[in-house]
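Below are the structure tokens for one structure; questions will follow.
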Amino acid sequence: MTSRKSLRQQLHHIIFDYDTIPAKAFDLVLIAAIFMSVTVVMLDTVRSIHDAWGPLLYGLEWFFTILFTIEYLIRLYATESRGRYAVSFYGVIDLLAILPTYFSIFVPGTQYLLVIRFFRVLRIFRLLKLVKFVKEAEFVKASLMASGRKIVFFLFFVLVTVSIIGALIYLIEGEENGFTSIPKGVYWAIVTITTVGYGDIYPQTVLGRTLAALLMIIGYSIIAVPTGIVSAEMAAMHEKMESERKHSDSCCQSIEHDADARFCKICGRALNRPA
Amino acid sequence: MTSRKSLRQQLHHIIFDYDTIPAKAFDLVLIAAIFMSVTVVMLDTVRSIHDAWGPLLYGLEWFFTILFTIEYLIRLYATESRGRYAVSFYGVIDLLAILPTYFSIFVPGTQYLLVIRFFRVLRIFRLLKLVKFVKEAEFVKASLMASGRKIVFFLFFVLVTVSIIGALIYLIEGEENGFTSIPKGVYWAIVTITTVGYGDIYPQTVLGRTLAALLMIIGYSIIAVPTGIVSAEMAAMHEKMESERKHSDSCCQSIEHDADARFCKICGRALNRPA
Amino acid sequence: MTSRKSLRQQLHHIIFDYDTIPAKAFDLVLIAAIFMSVTVVMLDTVRSIHDAWGPLLYGLEWFFTILFTIEYLIRLYATESRGRYAVSFYGVIDLLAILPTYFSIFVPGTQYLLVIRFFRVLRIFRLLKLVKFVKEAEFVKASLMASGRKIVFFLFFVLVTVSIIGALIYLIEGEENGFTSIPKGVYWAIVTITTVGYGDIYPQTVLGRTLAALLMIIGYSIIAVPTGIVSAEMAAMHEKMESERKHSDSCCQSIEHDADARFCKICGRALNRPA
Amino acid sequence: MTSRKSLRQQLHHIIFDYDTIPAKAFDLVLIAAIFMSVTVVMLDTVRSIHDAWGPLLYGLEWFFTILFTIEYLIRLYATESRGRYAVSFYGVIDLLAILPTYFSIFVPGTQYLLVIRFFRVLRIFRLLKLVKFVKEAEFVKASLMASGRKIVFFLFFVLVTVSIIGALIYLIEGEENGFTSIPKGVYWAIVTITTVGYGDIYPQTVLGRTLAALLMIIGYSIIAVPTGIVSAEMAAMHEKMESERKHSDSCCQSIEHDADARFCKICGRALNRPA
């Protein structure tokens, strides 16, 4: 609340917080820059655009890389504990998002460049930094955490099903119909149970088609399971948040409860008391 | 409630309201005309139908255009504040739905005709006028509004995922397997995560197929998230509407509550009182 | 409960009811016969099976047709009001399910035979008679009725969306990429928004692919709407049925409520009283 | 609780229970071994891997088969009632998972080997043993049981729909467009209603496409039904479990209820009392 702050404190406030106008402006500019730099990386892979605008895109890539490097250094300077930021999730992502461009200078060989491009892709992770600005993420995350173990069990069930059916289809259809191995059969089973259905491999015998039809019906029915799990969790969380919200602006903090009361007699809310 | 009205008031009533028999009849005729005119536009693009019935369809198109022009002028005349209607959402749509046909007279060149056809498509927006007649839209809209921010966050998550995986598949599969650029890889990732799966591009290496399988499982699982969000919101809204409906025909309006009551002691409903 | 019944009453009991052992046995045999007769019709269309077993299948078809004809006549005889059964939903289906085979005698021409096969397909409707035996159908039906209007609004929204996008894709892609008319574009839009994705038509321009990606994301997101609607309705119905079930075997019928009570003081259930 | 146990009791504890460190370790090793043996079977079907590592994979297959055989014999020895284990679900699976490898010695003919591979696939069922370790399975299973009959009715409705539409599409499209029989039409209808959409068969006439569009919209809409059913059941079960959990650590066990009380006056929970 004191108005006088060191440069470092001011920078820290602008970069790491987002509750004043300059801090918000910084965040918005940063987000726009991230989006633009990712777009540049993407467009550069389109041959016709690369041929026409290659040097410009190359320049822009370096511009954004230097910009993000300066931002990274300021973050390192402004933060209270340098080490903790550097090894934190966002600190590592911030670093990985600028390194590939520098690496591409020292390793100029063509065949290696492709590998460098692979690292370049990591720059897209910079987008993940946006997540922390979206409040709603908390709700979704909490619901998914609560239903996490059930979803894992569900995915395990899917894995077993596609393994068995992938092996069966390999035995039924065989190599002459494109199912050259069990892993390929499992790939086909995943393509089918998730209802993607590319059509690059599909069964051609009567038995194979019957199995495929069965798998589709299974996939179509069990999609209800994760949805049901998440819906139930979200409905429960919704109710909880709603009752907490209602309560927090009305009651209980200001009144005294009877000694044996387990529920607030004014608002009906369950009280958390030692038994 | 007075039975004598000016012509303008009567027209306004017939055109803008829908609680009397003439007003309802007008709406039904209008809806039928919109459907027929859209069908005419659509059928005219089928070559065999165009060759056989071209002049008839051209005549019908002009018939509907003139009909809707007269309707537009009557609306302008009947409404209380001409300006507000003209710039309102439906006013603009009403105008855009008749302009393309007139434009096609003054600009007869072949290459421009295609652009005009594009505007012609906007006539289909006329269908949107139907929306206001469907009461249920309110419920759906309110639920979607309530879950809007969560859905936006979800779509953002999908966007980041398809960007990263689109870049990875470009690096893994490369141009020889049809993934000629990162944007094309992102397009493939969207086709896959939404389980559409055209089959125009698909991975052909083992690593690419593994990534594709992973993406399908992700898409198949996270479909639960928006569904869960909307289900939870709708369940909450349903409960709220139900309790309001029940309450409105029974209680509270007719009894006096104690000074410190926050809940109706007869029906248990929370009272909206100044704190 | 009286043991002496006329033959007609006994037949009526066996055929139309399903609460005693002979009545249940009749139903099970009937269901099995329907399934077998449908299978015979289906298998007869497979060329290799038709060539090998044609006469047997033809004989079986006549066997089932005569069986169902006898059943139809007994139903006509056993029912109290012949006319009402004959024009009822199941009466008409029962008749339509046996007529095609008889028609095929009097109209032997090849080209007409195909039309007769079309009617033959109606025999599959016989399966619908099974529905009345499944109690759970009531729950699903009641939920769908309650959410019916919202679903209709949703389907209308889908219809408008695919019309607009179908027209846009026709203008963007054009005939050279397979989008030969707006109706074909609308067909493509339906294939895409429902995530079926055959891959017989797909966009090939950058703009077309962007529109397709947008449509997929829309389809992937709005699938949440009907699911949310039905889930909310079913949750509400579930709760209602549960509270009614709990209540019916415990309370309220046997106790007297206070004059001003709106809720049962023993079980907390809302009382239906004139206001 | 006694510390001295016979070897058999100790083995039984380690193999069949999972509440101490050695028992947990055994389970984890077993799960890892199952995963590895399944992977070996799968990889052996990939031609390039088989050519390069064939003998190693063959050796590993025998290693795991002997390992699981020893495990099976120890289970037989350690269990209290040998017969009950041998005929139990897991007992039979344990046996089927080791037999195929032994059969492949005595029956060396090539054509029979394929059949043996089919049995080999059953080894994947060994994975199912994992299920009992996942507690969350109970919740999912209970919800699915509760909604089981509704799901069966739903699947029956889907079956009738695809039968009717499969027959219609056969009549509309005919053999020249790939719909060579009604069963093939039904297969196409399943591929379409489940939104898989391989694209190996698709309608090419206007009428056929209209029917396909209708079927897609049906499939897209009714996916809401099983999801709604399961969501509602899970929400109900969630609430039930939550209220039981809350209750069990707070109330009722320690207080005396009035003679006529049906609900706990402290926590509001329904009491299970003889009527």
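Each chain gets a letter, A, B, C and D, in the order it is written, and its residues are counted from 1.
To be clear about the criterion, a residue touches a chain if its C-beta (ideal position, glycine included) is under 8 Å from a C-beta of that chain, and two chains touch if they have at least 3 such contacts.
Please read all numbers here as calculations on a predicted model, not as lab measurements.
A.B. asks: Call it same or different for subunit A and subunit B: same when shared residue numbers make up over half of all numbers used at their interface.
C.D. replies: Shared-number fraction below one half, so different.
A.B. asks: Name the chain whose C-alpha centroid is farthest from the C-alpha centroid of subunit D.
C.D. replies: B
A.B. asks: Where the centres are mean C-alpha positions, what is the separation of subunit A from subunit D, in Å?
C.D. replies: About 29 Å separates the centre of subunit A from that of subunit D.
A.B. asks: Could you list the positions in subunit C whose residues touch two or more of the other chains?
C.D. replies: Touching at least two other chains: 154, 183, 186, 195-199, 219, 223, 227, 229, 231, 233, 235.
A.B. asks: How would one label the connectivity among the chains shown: line, ring, star, complete, or other?
C.D. replies: Contact pattern: complete, every chain touching every other.
A.B. asks: Residues of subunit B touching subunit A in their complex?
C.D. replies: Checking each residue of subunit B against subunit A gives 149-150, 152-154, 156-157, 160, 163-164, 167-168, 170-171, 180-183, 186, 192, 195-199, 202, 206, 209, 212-213, 216-217, 219-221, 223-225, 227-229, 231-233, 235-236, 260, 262-263, 270, 275.
A.B. asks: Please output the residues of subunit B touching subunit D within their complex, sorted ascending.
C.D. replies: These residues of subunit B touch subunit D: 195-199, 227, 231, 235.
A.B. asks: Can you check the complex and tell me which residues of subunit A touch subunit B?
C.D. replies: So the residues of subunit A in touch with subunit B come to 38, 41-43, 45-47, 114, 117-118, 121, 124-125, 127-128, 130-131, 134-137, 139-140, 143-144, 151, 154-155, 158, 183-184, 186-187, 190-191, 193-200, 223, 226-227, 229-231, 233-235, 237-239, 242, 246, 249-251, 266-268.
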